[in-house]
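Heads up, there are several structures right after this.
Look at the two complexes coming up: subunit A is in both, with subunit B in one and subunit C in the other.
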Partner chain A sequence: MGSLFRSEEMTLCQLFLQSEAAYACVSELGELGLVQFRDLNPDVNAFQRKFVNEVRRCDEMERKLRYLEKEIRRDGIPMLEIPGECPEAPQPREMIDLEATFEKLENELREVNQNAEALKRNYLELTELKHILRKTQVFFDEMADPSREEEQVTLLGEEGLMAGGQALKLGFVAGVILRERIPAFERMLWRACRGNVFLRQAEIDTPLEDPTSSDQVYKSVFIIFFQGDQLKTRVKKICEGFRATLYPCPEAPADRREMAMGVMTRIEDLNTVLGQTQDHRHRVLVAAAKNIKNWFVKVRKIKAIYHTLNLFNLDVTQKCLIAECWVPALDMETIQLALRRGTERSGSSVPPILNRMETAEDPPTYNRTNKFTFAFQNLIYAYGVATYREVNPAPYTIITFPFLFAVMFGDLGHGALMAAFGFWMCYKEKPLQAKKIDSEIWNIFFGGRYIILLMGLFSMYTGIIYNDIFSKSLNIFGSSWRNNYDNSTLAENKLLQLNPDSNDYLQSPYPFGIDPVWQLAESNKIIFMNAYKMKISIIIGVFHMLFGVCMSLWNHLYFKRRISIYVEFIPQIVFLTLLFFYMVLLMFIKWTSYGPTPGKLGSNDPEIIKTSAYCAPSILITFINMMLFKTDPNTRPQCDDVMYAGQMGFQKLFVIVALLCVPIMLFGKPYYIMRERKQRAQSQPLANTEAAAENGGVAGAIQPAHHADEEISEVFIHQAIHTIEYVLGSVSHTASYLRLWALSLAHAQLAEVAWNMLLRKGLMSKGFQGGIFLYVVFAGWAAISVSILVLMEGLSAFLHTLRLHWVEFQSKFYAGEGYLFQPFSFEVILDSAGQAEE
Partner chain B sequence: MGASFVPITIFTVLWGVVGIVCPIFAPKGPNRGIIQVVLMLTAATCWLFWLCAYMAQMNPLIGPRLNNETLIWIAHTWVSFVCTCLHLLVRDFWITRYLNNKHCVTS
Partner chain C sequence: MACKFCGPKLSLCGLILSVWGIIQLTLMGVFYYIEAVALLEDLPLEEEGGHHTIEGFIHKVEVGYSQNAYNCWIAALLYVITLVISGHQFWMNNRSSVSM
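And then the complex of A and B:
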């Protein structure tokens, strides 16, 4: 049998590796990904292990690579994907080469960056100066303008003019400041200098690049006029405080012009130098971008190997390393082969030794999945990892999950949409996988593509059975219902009910699914559909639970728990069968034995009335009465009290036997354990004395058995919880399956509302305006159909299905107390490293 | 009672083939077990679901209550797709007469 039914058999192995060959062997095992190493020095802290140095060197290399990557990304250079196969882990001696390469690259890049930064700073200063010279020119021109003389007058006030009659010379500073700081700067200047300075500012239109962070910033040029040295120092301090850069600005216009010329030539020179530096940087990065992914893989592989080697134990002679690992029993040969390859590669002559070990420990759970079963296995793991070698529900979930989903989601149209989406994802699997889309929601959908496809297909099937396509029905085989009313009746009555006990009904049902006429019967469709859907929910639920209980038989058989079969499985299945499966049988009896009798339609014969719709009993009331040992006399005249002869007797017997199963479940196992212990206690003294005689008092073999024994009170409590859970569970779980009905009802109703409220309005409108209206309305209807009915309803049905599997199905047999097999595999390590990066 | 032989046989045999015959011929390989389980469960669930729908309608306890306009429309237009196709394909007199008696043409 395939391993998906149970987890793989695992063996604990001891591995002796020669020191020289260890690296190559571990590298081969990493490529294989089938071995889980155990930490043999858990008490040694991470800094004291043998290969700390190597790990640290790898960390350093990785840091350098990340730096390179960051630079490459900043320049927007595309990084080449690794062509073809992943590179193998390099030999340890290659590490030095790699280190040297990275060192060289990093140094070069840092140097280039430093140079570029210095040049850029220089460039910035010059550009700012250029702007200052250009903008201040306007201010100076204004000042020199004789017609604006009064400005100076107003600035200096009366006193200025009175002081000697000659025009006072104003001092000024010019600089550049961040634009958003201007208002605060202005206010500060005004307050600190009491309004005695004059600030002019102009915005620099083009953004300037900040050399340290390489952001684009907007700046403004300002010039401040003031008088006297005291104010000058004050102004300068404020400028410093606001991080404005001040530039010397000559007073004479001729000097300014000359300076501007100088600045322009220097800027041009700088530009060429800067261009060359950038080119060089680009060349270095492009060269690095070709290899960087490759290098990342290599470094990560080396690091992973040394990490693994750190888990190993050193032999006393220091000649060989000892490892312990979990290995799937079936793969021993492949692992041996890989080890041999590793030894050959390292050129060592001593072959590694792989020994099986006996252990009392629980091995890890390992299910080999493929891309199809993987998603289903994950649904199970999300609840709990199976105990070692326990029955795995995943293979059954492949069908039961989409089926239960489809019972709730049954609609041919919505199902087809979902199936089309799932099919597209499966069909375009490879290209979509290669795209590596980061969106989390997309990845959830894509991971579950096979689930979505199957859910869609099953929804289409149940949709056909429900005869529901966007809340309309298909009349493929011809309805079984006919109109026999004459024209006058049809004209007079608004609503008319067809009578199954007449020629209105052809006496043989629509062959596949629900009759299309029900979709049209707006006034009593729900009554019919509810009765039908509630019944199938319970029928499906009881079968599902019975299936779950049968799975537990497999577990008991496999683990050779014979006693559990007698005191757990048999009472459980009897309990469920006699009460709930019996209820299912009643439903089938009701379906077959009450209704119109062909050939005697509308007859008043008392025998025929007894089997007519008039006498059909309620299954729910019958079931409740059965549990209460009550016989309700039938209130309707002419009807029988029972559905079949001897019903009362059978029902009483069933309930009593079912109730008798409860104490068996409750006390059976504890009683058995107690008896077994007593027997052992009787035979033990004998064994003890024998053992004592043989090896001097210590009975080593018997000692461990005692430790495994639980307190008997604990056994009782455990069993009581288990029994109560099962008995109460079977009631509540049966009721819980009614969610199949509830969700399917809700889905059908929502679809109908969407049709009636939107599309119907559009279809009924006339004329060419009606066409336009329909166009708009269709968009709305389609949007609601996809977003609410397919996506949201799909999600809620999915969650309910998940619950039905986790709680109602798996609680019958699944312990889920195992732990996952996590093999040492480069693939996993590289994947997780790649994800952490993003 | 209300059951008719043909549909029950057809669908039971159909799902029986899927669930019992197909698993025997499942391709050999590591996934054989999974394929068999998938086929059997598909057949079991789908057959059960169809059966329930069929049996729930075998002996209807109530009839549909319809709008009079809907009833008139049904009386005039509802000839099943399958019957129409049969009419078109097989112009044989006997079949037409048989169908007339049985199912297709109403008032």
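And then the complex of A and C:
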């Protein structure tokens, strides 16, 4: 097994495959997913490659499958998931069978669809005709009504009846039009025919199905009466323009009745035929739905294999294919085995040859991960992929990330909510994974389920340390503070102090975490917590950074940069230790050596006053004075000037040594490189050929060769940037860790505000109806707690933690200039294809 | 029994909220009952000058503690009812989605 400490060792290999065996071998490698092939013909475009035809055939098959899938979706038939194992990539000869199957299916489906469409159109026409006959019957009935006859006569008058003899016979057309077009249609008719036509219309109540788009549309029946041929052509043109369909409508009532009967029988016939067509289509689709996922996998695998084969070089004899690939050195055996399996499957007798190659190229970075480490590794990769064989920060991130998060998010209640959510996701991992929920936010949460679980658990821990649960505290072990004031003092004063230098404090601290009494200290709780949390942040920060610098030692040792150890690592660690680690030490000295002396509480003995809290110096002022070589005049004559004997001398020494480290960091490496080059220039004329041979052959020669192509001025500039970044960085990064304090303070305050503004309102209400009020208020408080305190504050703490890792920690040792190992793997290809499709 | 009036999301929300409410409010009730000092600030007491004697003040605090303990348990009981209702709804939703 590979380790998480560094990325895997990779080797570039040359692979000779016999043409017949190539397909099977690549298919086996795809199942394995451990080999990254390099493109050996990068200047050949996609259409000139060897297996273009096959790739194209696969594309065509995929298109047909997508068509099938679309049709299946349209009918709402469930597609079966692949039961059990994924199917293996089929043999190339099976491709023809698949092609034939898909071709047949597609043609059948297309034919069925065409028929169905024709039938539907026919059906639509008939139903429209049916409606016309039914509706117009009303109009004709009105016309034939004997009571109206008189009206007609009086309206038209004698003249009208006589004019032109038979010309009074009115012509008519009947048809169907979309309902929303009626008003425009009517107006147009009126204008174009100058009011000489008569339009009657009636709505069809049931919606009709449009055969082309299969939408439901509402239509109206109309009938237009007019006189003369000219008007008839005009009316017909207008109808055409409005896409109204005209139907022949016989004038005689008997004919109409006969026609209506005919239409009805035809509609019934059509209905049975349509039903049969639908049944047939459904049968075809159900059969296809059983296999479609399987087919998709097969076709995608074939396509991927041919794509990969396209990357290979063809041997001159055309008998074998040559591939170059990156392979994890530890997996050579497994790959050999897979290749042998592939050869056996293809029935070829010549085994493939896997040949290690020497190369000066940087290999890809490959870290083996499991479902737990995967998310943490991804956090690191999001910043930059590690340089090949560089120390990988991921294993430490697994602990430091949730811990630093928890320092900012310390609350037992909120941590428990988060841990419960994380635990649920981890517990229900398999069913949730199988569900394949598409929501992006959910996928982010689910991908980071182990991070969330750990963050929650760590927050619970820090919550207990801070003694903070939804801004209240738990008094588990009994507080160490007592109230010694008498009743009259208590009654008269609003605020009273408890003096630790008296019997108010039992002189033994609360066993675990912060004393619960601080939660009730209205006036100085924040002052106390700030002093504690700020110091804790700096201590954690300095240790985190020191650890980061130590990691760089492993990098220097591994890459054999001896000189970097002397002129970079050692001065760096000395600088950081003498200045910032010393400050941390001062904090511990302050914590341990100042405070009340048990047994002599409130004593005025000068020796005891010197170690009392009154004499405790400010660490920050001490540190600033140390950097400026300055001493403040002592304003407290009872106290000592220094925290320990010889403090001033040590501090001066520390600052001077730390400052001396800067020029070493700045000029050490460029000077060394300059000297080395000079030496080489001197020795080169003597042993020119020898040196060249040695340099070329030895792998360790990479380092000097790398520097040789840099100008010396560039080396200086590079080193100067690096040094300035480190020196200024260690100041600003130390300050940056104060965000641990700031966010923790903000979180605690927000939690308190939420409690006081909401839940307290419920608790403060009097009487038993307060219980009902509390029930309502609790729901609001819970919603605020989850949305603002857990989600938003959690996100902000997460981002700050990420920054602390990326900038403050990793800048000490991590270059992140590598590129990722992307093996040829069916799993990855199928996953991404599945996602792109949805 | 076909009275389904919450969707799957609302019933799940009610379920989680009521579980949380039952746990927290019952515990808070217990803490009020044993007169935990941390919850003193959340008692319904009259402000400024409402109490003239220490004994009177202590009595008021004790009454407040027991009153709040009962209120918490009442609210917890209401959440038990919510739990039952939303649990039933959740079950109905699940069953109908399976049968479909």
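In the analysis below, the second predicted complex is superposed on the first by the 701 of 838 C-alpha atoms of A that agree within 3 Å, B and C clash if a C-alpha of one lies under 4 Å from a C-alpha of the other, contacts with A are read in each partner's own complex, and residues count from 1 in each chain.
Definition applied: a residue touches a chain if its C-beta (ideal position, glycine included) is under 8 Å from a C-beta of that chain, and two chains touch if they have at least 3 such contacts.
Just so you know, these numbers come straight off a predicted model, no measurement behind them.
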{"item": "Which of subunit B and subunit C A:L763 touches, first, second, both or neither", "value": "second"}
{"item": "Subunit C versus subunit B, contacts on subunit A by residue", "value": "B"}
{"item": "Partner chain(s) touched by A:L774 [first = subunit B, second = subunit C, both, neither]", "value": "second"}
{"item": "Subunit B versus subunit C as contact partner of A:A491, first or second or both or neither", "value": "both"}
{"item": "First, second, both or neither for A:A782, with subunit B first and subunit C second", "value": "second"}
{"item": "First (subunit B), second (subunit C), both or neither touched by A:L520", "value": "both"}
{"item": "Contacts of A:Y737 with subunit B and subunit C, given as first, second, both or neither", "value": "neither"}
{"item": "Which of subunit B and subunit C A:K472 touches, first, second, both or neither", "value": "second"}
{"item": "Residues of subunit A contacting subunit B in one complex and subunit C in the other", "value": "475, 490-491, 520"}
{"item": "Interfacial residue positions of subunit B with respect to subunit A in the complex", "value": "1-4, 6-7, 10-11, 30-34, 37-38, 41-42, 45-46, 48-50, 52-68, 70-72, 74-75, 78-83, 103-104, 106-107"}
{"item": "Residues of subunit A touching subunit B in the complex", "value": "1-2, 4-5, 370, 373, 395-396, 398-400, 403, 407, 461-462, 465-466, 475-485, 490-491, 493-500, 504-515, 517-518, 520-525, 527-528, 531-532, 535-536, 539-540, 543, 588, 591-598, 613, 616"}
{"item": "Sites on subunit A touched by subunit C in the complex", "value": "472-475, 487, 490-491, 516, 519-520, 759-760, 762-768, 770-772, 774-775, 778-779, 782"}
{"item": "In the complex with subunit A, residue positions of subunit C that touch it", "value": "17, 20-21, 24-25, 36-44, 54, 67-68, 70-75, 78-79"}
